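Naming follows writing order (A, B and C), and every chain is counted from residue 1.
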Amino acid sequence: MAFSPRTWILLALLLLLAAVPPVADYFGQPFYLDLLRRVMIFAIAAVSLNLILGYGGMVSFGHAAYLGIGAYAVGILAHYGINNGWLQWSLAIVASALVAAAIGSISARTSGIYFIMITLAFTQMLYYLGISLEEYGGDDGMQLKVRSQFSGLIDLNDASAFYYLVLAILAAFLYLSRRLVNSRFGLVLQAARSNEARTRAIGFSPYPYRLAAFIISGAMCGVAGALLVNHTAYLTPEFMNWTRSGELMFMVILGGIATTSGPLLGAAALLLLEDVLQGWSVLPKWLHEHWQLYLGVILVLVVLFARRGLASLLPGNEHHD
Amino acid sequence: MTDFLLKTSHLSKTFGSLLATDRVNFEVREGETHAVIGPNGAGKTTFIKQISGELRPDAGTIHFAGEDITTLPAPRRSRKGLARSFQITSIYRDFSALDNVALAVQAHAGHSFRFWRPAREDLSLTRPARQVLEKVDLEKRADILAANLAHGEQRQLEIAMALATQPRLLLLDEPVAGMGTEESQRMIELLATLKGEKTMVLVEHDMDAVFTLADRISVLVYGRIIATGTPAQIRANPQVRAAYLGEDA
Amino acid sequence: MNLVLIAEQTLNGLQLGVMLFLLAAGLTLVFGIMNLVNLAHGALYMVGAYLTTYFHQTTGSFALAVLLGLAGTLLVGIVTELVALRTLYERDHLDQVLATFGLILFFNELVAILWGRAAIYSTIPDYLSGHVQITAQLRYPLYRLVIIGIGLAVAVLLWWVVSRTRLGMLIRAGASNRAMVSALGINIRLLYTIVFGFGAALAGLAGLLSGPIYAVQPGMGELILIQVFVVIVIGGIGSIRGAFAGALIVGMVDTLGRAFLKPTLATVLSPTAADAAGPAMASMLIYLLMAVVLAFRPEGLFPSRS
């Protein structure tokens, strides 16, 4: 197989990520492992969102819902002493897919402003549901006492083993989404985004394809949720906060919408920027205290002037590879 | 009843108080090229949208190949063999010409819930797509992004997409609109090669195209068909001359 | 459950309803006419609440504070429209969502810089505090009645403007057919700015009225904004009538659900089960309502386009 320049860069990036644990260990900086693991988990969520937002043209403002569902699936089972990871993660995937099917069956019939508001509203509903579940900590959330256990195959308490698991899942999802996008299914999805009237006129009814994409995307994001709750070892409805949905969208745009590497680049850029603005004590106090002010301005500027995202800085194009 | 491929009966559609289509009875014979002409605002686009399934008529029926399709949505009609081109060019601008046509092939090659194999390497899609491109003389432009094709080429591409669905009836909504003389001449030649091979409904302003191509012509004025006949008959019809050509009867 | 309680909660529902209406009326017009997804509408609500509270504290006069607060929100709204939103009308919805999301972050943080992150307290002047004896058993806060009165008065005023004036004609035409309005030679940009300013002022009004009831804090706008979205989806985008009906329905369902769902469930389920399920279901109620409405009427109850 001949790889395009962009594919080579993405592979190099993944290799670079794979080299981080030994290097961080050597320099005694485990903090970076934690930060990059978080970046990769959000990159997985952004990959799943990119599928419907980028390739499907569906502006879902509620993708944090599936982060939450995946996290709650793991957290609730763990709450009842069921720590089997296979079971927990299967539930995370199935539950996310079911919720996506329910929300998608209503929202995918609509478009434009309706679609945005409906996905946002349903996610808010799940957020309030999470808050009202006192049994699972209500709005305070609760601790995940034991991380998911995979019959001794991999130990998530081992920071670097967990890191490699996240990396492997990220790489798998990147490959998966790439296959999906270029398959017959993916082309119909993109066609419906590009020109709906034409798509109907040549004989496709877009709805079932959009709904299927919505469900696949939700299930993928559910995996990110299961990873996230293991990462923080804490379950909270804040995973489903509407601002989280906004951040996921921003990652996709910032990285480059409808590109393979965009979600990873966007997640890395946003979270590292946040981390720098928030925590770097070298910067003056007023800067990191009110970092959201600057983030807001940066967001507006990116949308207005840098719409094509970071991936557009890479050589080559997305079309044939 | 002779073999009508398409037949509308008492087809009516109103927008507010405007009667856009007024009890239209319209028949297309298998194999003919049937032009629909009429002044601006006569309801031609509304009429063609009801046939293609983009608009639901208020009253009346549409039969296609002996089957009542009045309530079928557009994609189902396409799969039954109704293909259309749009008045304003409607293609996938961000896809290559070949992709455009291959998608049309794919739409008629069973369901597309196939998630793994790359569609662009699928010869069962690309081979027929290339053949159709050849037919409309675009084979050399297969890998060009559709947005970068010239206007005339984009319209040819649209015809190619319609042909790729292997239709029984082609609905052509002003195929030479907005074209220069040379481009429209090329389009008329292309359509002439299809004549006889495909049944066509041609909605057109360009009288050159209409009188060159049509076997029969129907004249639509204020939502009603006021005359149907051969080009010679239509040319001679005083009512048509009065209503449409703006001459005194 | 007794009648007094039901009457009281119904009034609460009405009060929430008119509040939602004040926010929804402007936003639904912005959606319908400019086709703009403005998430920052909630920020204007917040600005109205903060400015009024601030002016009330500094001038000591509530009436003056209300005037300054309204004028200030109008000004902030128009400046936002001119500086940022205007460039977004021609962009797609995704751009609009992200840019206005950025504006939310900006405004929330700006307010936090000026007034701190903690909630600030807004007081009611003496002449608006106290209770009104409605029936022998029902005493209801005067201030909430005032809100209901103002909300209904604004609804009547809006109805008059939209159905009886030239501006209203343009608004109605704009909501159903943008191209037509500009074809008529109307200065569409000016119309946009007027409509946006109008909506901003209404949002500010809702914010300043809400100050003494809810907490005035950064982010207060977004929590109510999402409910306003539900109102607009239920009512139908671009329709003032729909916004009014949707707002009252959502206000009632939400308030009555929170008040009575748990006791009602307790009559069927065990008290502990009702305790667990009641609040959860109550908080989901308006969203479920939205789903049901969409299932039967995808364009909302009063679609403005045919």
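What we mean here is this: a contact is a pair of C-beta atoms (placed from the backbone, for glycine too) under 8 Å apart; a residue touches a chain by one contact, two chains touch by 3 or more.
Quick caveat: nothing in here was measured; it's all calculated off a predicted structure.
Novice: Drawing the touching chains as a network, do you get a line, a ring, a star, a complete graph or other?
Specialist: Shape of the chain contacts: a line, open at both ends.
Novice: Give me the ID of the chain with the smallest distance between its Cα centroid and the all-protein Cα centroid.
Specialist: Central by C-alpha mean position: chain A.
Novice: Hey, which chain ends up farthest from chain A, C-alpha centres compared?
Specialist: B
Novice: Once you find the CA centre of chain A and the CA centre of chain C, what distance in Å lies between them?
Specialist: Roughly 31 Å, centre to centre.
Novice: So the centre of each chain is just the mean of its C-alpha atoms; given that, what is the distance between chain B and chain C in Å?
Specialist: Computed from C-alpha means, the inter-chain centre distance equals 48 Å.
Novice: Could you state the distance in Å from the CA-based centre of chain A to that of chain B?
Specialist: 44
Novice: Which chain A residues qualify as touching chain C in the complex?
Specialist: 53, 59, 61, 106, 109-110, 112-114, 116-118, 120-122, 124-125, 128-129, 131-135, 242, 246, 249-250, 253, 257, 290, 292-293, 295-300, 302-304, 307
Novice: Taking the complex as given, what residues does chain B use to touch chain A?
Specialist: On the chain B side, the touching residues are 52, 54, 73-76, 78-79, 83-84, 86, 90-96, 99, 102-104, 106-108, 112-120, 122, 125, 145, 161-162, 164-165.
Novice: Which positions of chain C touch chain A when the two form their complex?
Specialist: 31, 35, 37, 84, 87, 91, 93-95, 97-99, 101-110, 112-113, 222, 226, 229-230, 232-233, 237, 276, 279-280, 282-284, 287-288, 290-291, 294-295, 298
Novice: Inside the complex, what are the residues of chain A that reach chain B?
Specialist: Those residues of chain A that touch chain B are 179-180, 182-188, 190-191, 194-195, 197-205, 208-209, 212, 319-320.
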